[in-house]
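Alright, structures below, take your time with them.
Here chain A shows up in two complexes: once beside chain B, once beside chain C.
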Partner chain A sequence: MTQEWNDRKTWMSLLAKVPVEALALAWDEADLGPDYRWLRRPETGAVMVRGRMGGTGLPFNLGEMTVTRCALELADGGAVGHGYVQGRDKGHAERAALCDALMQTEARGAVVETILTPLATQAAQVKGQRAERAAATKVDFFTMVRGE
Partner chain B sequence: MYVAVKGGEAAIDNAHAWLASERRGDTDVAELSIAQIREQLSLAVNRVMAEGSLYDPDLAALAIKQARGDLIEAIFLIRAYRTTLPRFGLSNAIETADMACDRRISATFKDLPGGQVLGPTFDYTHRLLDFALAAEGGERPEVATRPADPAPMPHVTGFLNRDDLIEQEPVGDDTPSDLTREPLEFPATRALRLQSLSRGDEGFVLSMAYSTQRGYGRNHPFVGELRVGTVAVEMDIPELGFAVEIGEVQVTECETVNQFAGSKTEKPKFTRGYGLCFGHTERKAISMALVDRALRWKELGEDNVGAPAQDEEFVLSHSDNIQASGFLEHIKLPHYVDFQSELELVRKLRAEVERSQTAPTQEAAE
Partner chain C sequence: MSTIAAMKGGFNDPAVDAAHGFRALLNAMAMPGAINDVTGAVPVAPLSVAAGVAILTLCDPETPVYLAPSHDTDAVRDWITFHTGAPFVGPSHAAFAIGTWEALMPLDQFPIGTPEYPDRSTTLIVEMDALAQTGATLRGPGIRETAQLNLPDAGAMADNAALFPLGVDFILTAGAQVAALPRSTKIGER
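Coming up: the complex of A and B.
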């Protein structure tokens, strides 16, 4: 799978949804570890998730989900990274923000190669596997032919 | 006379210590981990998330462990926890049309684009206890796969809409009022009713829905579509100036197609009920859709037949199991002073009856 990674939204969205352990492993693997200072330390809060009446109509409040966010600035060059991730893991938000910041620097290639691409591939595999399992439970109808 | 008393501190501490030990149970049996609950009791986790109104599987699993499997107690723990969280904002409305469906069935159309996808369902099982599960060390069964069809799965109501056979949902992006921020007032908007039903007690909402099927506000529902799967949650990030996906949630959505509304001037059309809940919670989502439809009698110009499921004040005021159990269970806490006054009153009344009974006999004796 080749992906362009031109859009900040694309990588932030991926980083928000990846499993905590998977990102931690990939981050350690990448061994980038830049110096940074916090603009906003990681904090956990809630986001109200909304649905639409009838799936397409006016919005209503469905319920909340936990989200952890943070913002930081790299010591070298001053790129600012934001992390908004699902769940309560502060390390997850920190690594997501670091990736976001590094994507704006010369380290971009390393982040894409060792973190984003493998994580996107994993996510696509997981999604694909569920879709294949669902497809196997799709009903094939047979028309009954009445006796001759 | 009112005498202030205090006490029970040591008894309470000891009771809680014993509770913790009972929670653990026999120490010769391995302790449950949060991950085990999350992975192996996932439908309990889903119910706690839906009614706790907070999507976080690990927290729900922790709550179930702490509550010794008492799901309403677990929901209480989640509700209490969520009040401690700062609110970062509101998501954009999730797009259930883009759901990655694990399951998608329609009871109204056999051949529909995307097909009937059963998913991991209890339907068509024989409901016989499977003693093989009692044996430990069972292998995870192989799951069949088939190449997935990348074609979209449109909403069933979408193609009924095309032929103008079903009422259209009004569209817009108004910010809906929020139960968790403002007290519930009547008449409630449909947005508030749906929020309330989505976090309402499954048993209560199920019973209300069942009552409509049995004739108390009948609304002739068909399950137009039931889908279970994951959807991305997107939120506008103010400091960035654009929206990003901040996560992914599993939801169950039920759309019912119900009997007609029309008039002399307007051709009859199907009407709709809607259910949407966190997690794989299909009994709840179907129930929600039926009750939503029953509560819509006024906007559809139907008669109020006096059925409980049509009475939004009755339904919404009693659907929350945390409010209900809070009020119910508080009566087991000490009410010594209240009861003392009742006791005095009943004694006084008895004495009056006694006096009136003895007085005439004395008169007669004289």
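Coming up: the complex of A and C.
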């Protein structure tokens, strides 16, 4: 699977949603470990998730979800990375913010190759499997036409 | 790179630094005229360290902040937004107001609370050049006999004290020092 990583939104979204262990494993494997300074230490809070029925119409409150966020600055070059991840794992937020910061530096290639691409592939697989499972139970409703 | 400047200078250890900041502000409020030293925040100019500590300690998304013209810059707004999330409002809805004394005037533009809810008033964070225990004489709760403090305008502050139990409260900041003047303090010249 090839993917362009031009849009910050795509990797922020991926990092926010990947399983904690998967990112931890990939991060250890990448072995980048840059020096950094905290701008905002990891903190956990709740955000209200809002949606629109059918993607249109007025937004409604779907429910609250737990989010952990942090911001940091790389010692080398001063790139700023933000991590907003689901759940309460502060290490997850830290790794997400580090990935975000490194994506703005020369280490970008390594991050894409060893962290983002494998994680995206995994996420696509999980999504595909779930779609398959759901598709197997799909029921089509017909209305029989009666008479003329 | 104003956005990076806005993200720096927060508390290094939020829980501990905010507790120390709160203690210093509490001491200042409880003992009008006492000058306390604070550290921890490195805000953008023209905010002083003490004003920065007060903002980081007291402000959050539920405390509307009014920036007086002396402090109403994009850099200050970005800094307060990143670190506290406090919304910016006009003086008539502010829980906190920040600026120099001249810029914050007139005093009657701020809410002084209602008889049922005297707490629904503004706390003014007044930036000063220096704090010194000279000048106007203070009496009242938290002061053994009398205390002295260089108030920016003793007359206006005495008028505010006369509104008790209504009125605004003052946090006076200069550099890394903070003092406070609650509405309960009586101000005399002597």
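Couple of notes before you dig in:
One rule holds for everything that comes next: the second predicted complex is superposed on the first by the 134 of 148 C-alpha atoms of A that agree within 3 Å, B and C clash if a C-alpha of one lies under 4 Å from a C-alpha of the other, contacts with A are read in each partner's own complex, and residues count from 1 in each chain.
FYI, contacts are C-beta pairs under 8 Å (C-beta built on N, C-alpha and C of every residue); 3 or more make two chains touch, one makes a residue touch a chain.
Since the model is a prediction, treat every value here as computed from it, not as a measurement.
The superposition on chain A brings chain B alongside chain C with room for both. Ranked by how many residues of chain A each touches, chain B and chain C are led by B. Using the contact criterion defined above for the overlaid structures, shared-chain residue A:4 touches neither chain B nor chain C, since it reaches no partner.
In the superposition on chain A, A:35 makes contact with neither chain B nor chain C. After overlaying the two complexes on the shared chain, residue contacts for A:106 are found with neither chain B nor chain C.
In the superposition on chain A, A:78 contacts chain C only, with no contact to chain B.
Of the two partner chains placed around the shared chain by superposition, chain B and chain C are both touched by A:43. Taking the C-alpha centre of chain A as the apex, the lines running to the C-alpha centres of chain B and chain C meet at 80 degrees, rounded to a multiple of 10.
Following the chain A superposition, chain B and chain C show a smallest Cα-Cα distance of 7 angstrom.
Residue overlap on chain A between its contacts with chain B in one complex and with chain C in the other: 43, 71.
Only residues 8-9, 12-13, 16-17, 43-67, 69, 71, 82, 84-88, 127-139, 141 of chain A touch chain B when the two sit together in their complex. For chain C in complex with chain A, the touching residues are 3-4, 7-8, 10, 12-14, 82-83. Within the complex formed with chain C, the chain A residues making contact are 38-41, 43, 71, 73, 78, 80. In the complex of the two chains, the chain B residues touching chain A come out as 49-50, 53-56, 58-59, 82, 85-94, 96-97, 100-103, 110-111, 115-121, 143-149, 155, 157-158, 169-176, 178-180, 190-192, 194-195, 198-199, 232-235, 237, 239-240, 242-249, 251, 253, 255, 272, 274, 276-278.
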